[in-house]
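In the two complexes below, subunit A is the common chain; its partner is subunit B in one and subunit C in the other.
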Partner chain A sequence: MDKYVAKNSDQTAHRIVDGEAVVVNLKDSTFQTLNSVGTFIWQQADGRTSVKEIIQRVCQEFEVDPDTADKDCSEFIGELANKGLLVLSPHPLEGG
Partner chain B sequence: MVTGNRNSLTLSIGGISTVISSESEEFMAQTKERYAKFFADGLDPALKIELEVLAPENVQRSPISFGESPEVSLDRSKGGSTIAWHGLSGKFDSRTGEGKLRCPLSPASLNSFLRFVYSLVLVKEPGFLVHASSLIRNGKGYVFPGESGAGKTTIAQLSPDSTLLTDDISLVKIVNGEFTAFGTPFWGALAIGGENISAPITGVYFPIKDRKNCLKRLKPKQALERLLPHVVFFAKDNEFSKQLFMLCCDFVTKVPGYELYFLPQSSFWRCVDSG
Partner chain C sequence: MLARAARKKIPFFCHFDLTYHCNLNCVHCYVVAESRPELGTLEIKGILNQLAAAGTLYLTFSGGEIFTREDFFEIGEYARRLHFAVRLLTNGTLVDEAVADRVAALSPDLVAISIYSANSENHDEITTVPGSFARSIEAAKMLTERNVKVKIGGVLMRQNINDYPKVYELAQRIGATFQMDPRLTPKNDGARSPLRFQISNDDLSRVFAEPLFSPQSRDNPTKFHPDGTFGQIPCGAAHMSCYISSYGDVYPCVQFPLPCGNLRKEPFEEIWHHSAEMLKVRSITVSQLPVCCRCGLLPYCNRCPGLAYLEEGDLLSPSTTACQEANILSRIKGGGGE
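Now for the complex of A and B:
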């Protein structure tokens, strides 16, 4: 089932530096730097865009084949969600 | 300066003045000696810290540890931003700027508490503390962040033509739109406090001991990755942490960052100057 993705704004702070995102997890004071693809995904995570839509946009933007994009993006989004940086929901979310 | 039966003195660190008071004359005598370069009597203090010196038998009974990594709790619901630090049994209310500290007879206790207090109040300035040595050379500020053993003190020792701001904890603050380094009494292995002066920061250099002198320019993101682990901040509070993070982002965007590979010789300055 497709899910909507939002930044976990209560628990994170981020800034785009040199065109790439640096995300701080305020809960444990760790930070994560994202590459250009990760930054693109991070920017799309607005609560109104689903995982499938994000994968489609990644394919268009970076000329990646759909299977690879599906696998890599799903893993990446799942990883950030596990760390509490992103929130996944079956319904559109406010903010993000 | 004596107020009633209580000794007090005013310090100015990073342009923020703090009045320290205690009934223990012995403690105040130690404090006056340690902070001599940072006296600012006559200034209207922004912060007030009251000290109670614990008798040795009370220190021994205390279950509280005196480590370098204090546990900090922050309760905004009780009198605003009141922080209780369970290390030296200190409290600081960032709304009123007043703090109380119960500690053994040691200026190091006050030093730890001051680092804690300044890490909080600086964010509003805005500014921050960072594990770094810093120097002024030809009117320019140089900051060298790093963990223990990275070379902070070595850099300070190899810089006779410079004025020491600190060899351990640097104070960075925006003054007139410029990131500026201030001297601090927070010293490391040198055991010498910095001068109480400041200068706009011309660069941030991450020292790496090597067999050659070499300067490598960092992109702001790379500098941020290297800077963040060294920023001093005790309070686990989302709003404070966000402000501090954004400030660090501004810092690496405005101040050039470098990796400084250096020999234990003052010749590394030629490399820095050429950068």
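Now for the complex of A and C:
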């Protein structure tokens, strides 16, 4: 997964409220709030940045050790992708 | 998140009437068009930018009839690029295959289509346009076929009070959800002509006892919560929701006829955070409602502050409509009524 790029799905709506991303899944109208790390990841998922690069940026931004960041972020990104909130692709995606 | 939005006064929900023009002429319509020019495309886009910056996430486009605006999709697509969760309220009669394709491409959170009866003659009598039922139903079908979430229904009145079970069945058949509101409201200028179609208290009792109607009372997150869900806030109006008219006037809610400012003269943030009228509405707590806070029917109450203001001209008064409904609900749930 770490070579894949990540992009906010166009089947979502979102807003940063009080520093936290509120993301609506337009397929089922559910919404969830992301914490500060989740919000940072959401904002980095622009369709051009790889998962590996996103995790590196999380390490820098939040001063987390790389192994912890890799495990936790990969799991989180995978969850968002499974829910249809993020799209993962081996190639850059337009409209990030 | 909703409690936080209410606490921090983030206008999470905005109902934006894009036009008061409509191709139907429903007998109960509350909309009153004026002679002022409606907002243009660029003005609306500017307002959307401001709403996004202010934290609005859920954006409902309504009217009038939204598809009478030639620039509707330009506006809708712009809203989606700003990542709003867009909801559309429409009569559906102007939706053909091409329009349905474009609506689906917007990925709306919901499209609500007004269907007043499953009987075409009844429905068309209410809209006063022959053939409107067929076109509205066809729109609902075209959109559900494109996996758009559709809700059908409307408002109950004397003409359709016995039709709602069949509208519910119709919704089930076409894969839509169902909602009918038992509450007719006066026109936006206070004229009470729509209320001549109001259902009787006996019919209201029957409706409130119906399981079909109970979920919708929990469907609107900004409604009155006497259980203190949002502390002492009477409802979401001016706390986490607002309404914008097709002339750029900002109100606490679509039901609240108290203009707080105009977006052609002031920025949205200025009106939302500093308008005297908005601040006044925002300052009202449940304990400040002199009659309501001591009322034994409070647990059953669905008081709309806007409707109370429209009915009585007083921000703190009870709402006659809410009192009637609370009485009925209380009797249904064994509270005895007053």
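Just so it is clear, the second predicted complex is superposed on the first by the 87 of 96 C-alpha atoms of A that agree within 3 Å, B and C clash if a C-alpha of one lies under 4 Å from a C-alpha of the other, contacts with A are read in each partner's own complex, and residues count from 1 in each chain.
As a convention for this text, a residue touches a chain if its C-beta (ideal position, glycine included) is under 8 Å from a C-beta of that chain, and two chains touch if they have at least 3 such contacts.
All of these numbers come straight from a predicted model, not from anything done at the bench.
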| item | value |
| --- | --- |
| Superposed partners subunit B and subunit C on subunit A - clash or fit | clash |
| Which of subunit B and subunit C A:33 touches, first, second, both or neither | both |
| Touching partner for A:17 - first (subunit B), second (subunit C), both, neither | both |
| Touched partner set for A:91, first subunit B, second subunit C, both or neither | neither |
| Where subunit A meets both subunit C and subunit B, residue numbers | 10-11, 13, 15, 17-18, 22, 24, 26, 29, 31, 33 |
| Subunit A-facing residues of subunit B, complex | 219-221, 224-225, 228, 233, 236, 238, 241-242, 245-246, 249, 252-253 |
| Subunit A residues within the subunit B interface of the complex | 10-11, 13, 15, 17-18, 20, 22, 24, 26, 29, 31, 33 |
| Contacting residues of subunit C [partner subunit A, same complex] | 1, 4-5, 8, 10, 12, 52, 55-58, 80, 83-86, 107-110, 149 |
| Subunit A - residues contacting subunit C, complex | 10-15, 17-18, 22, 24, 26, 29, 31, 33 |
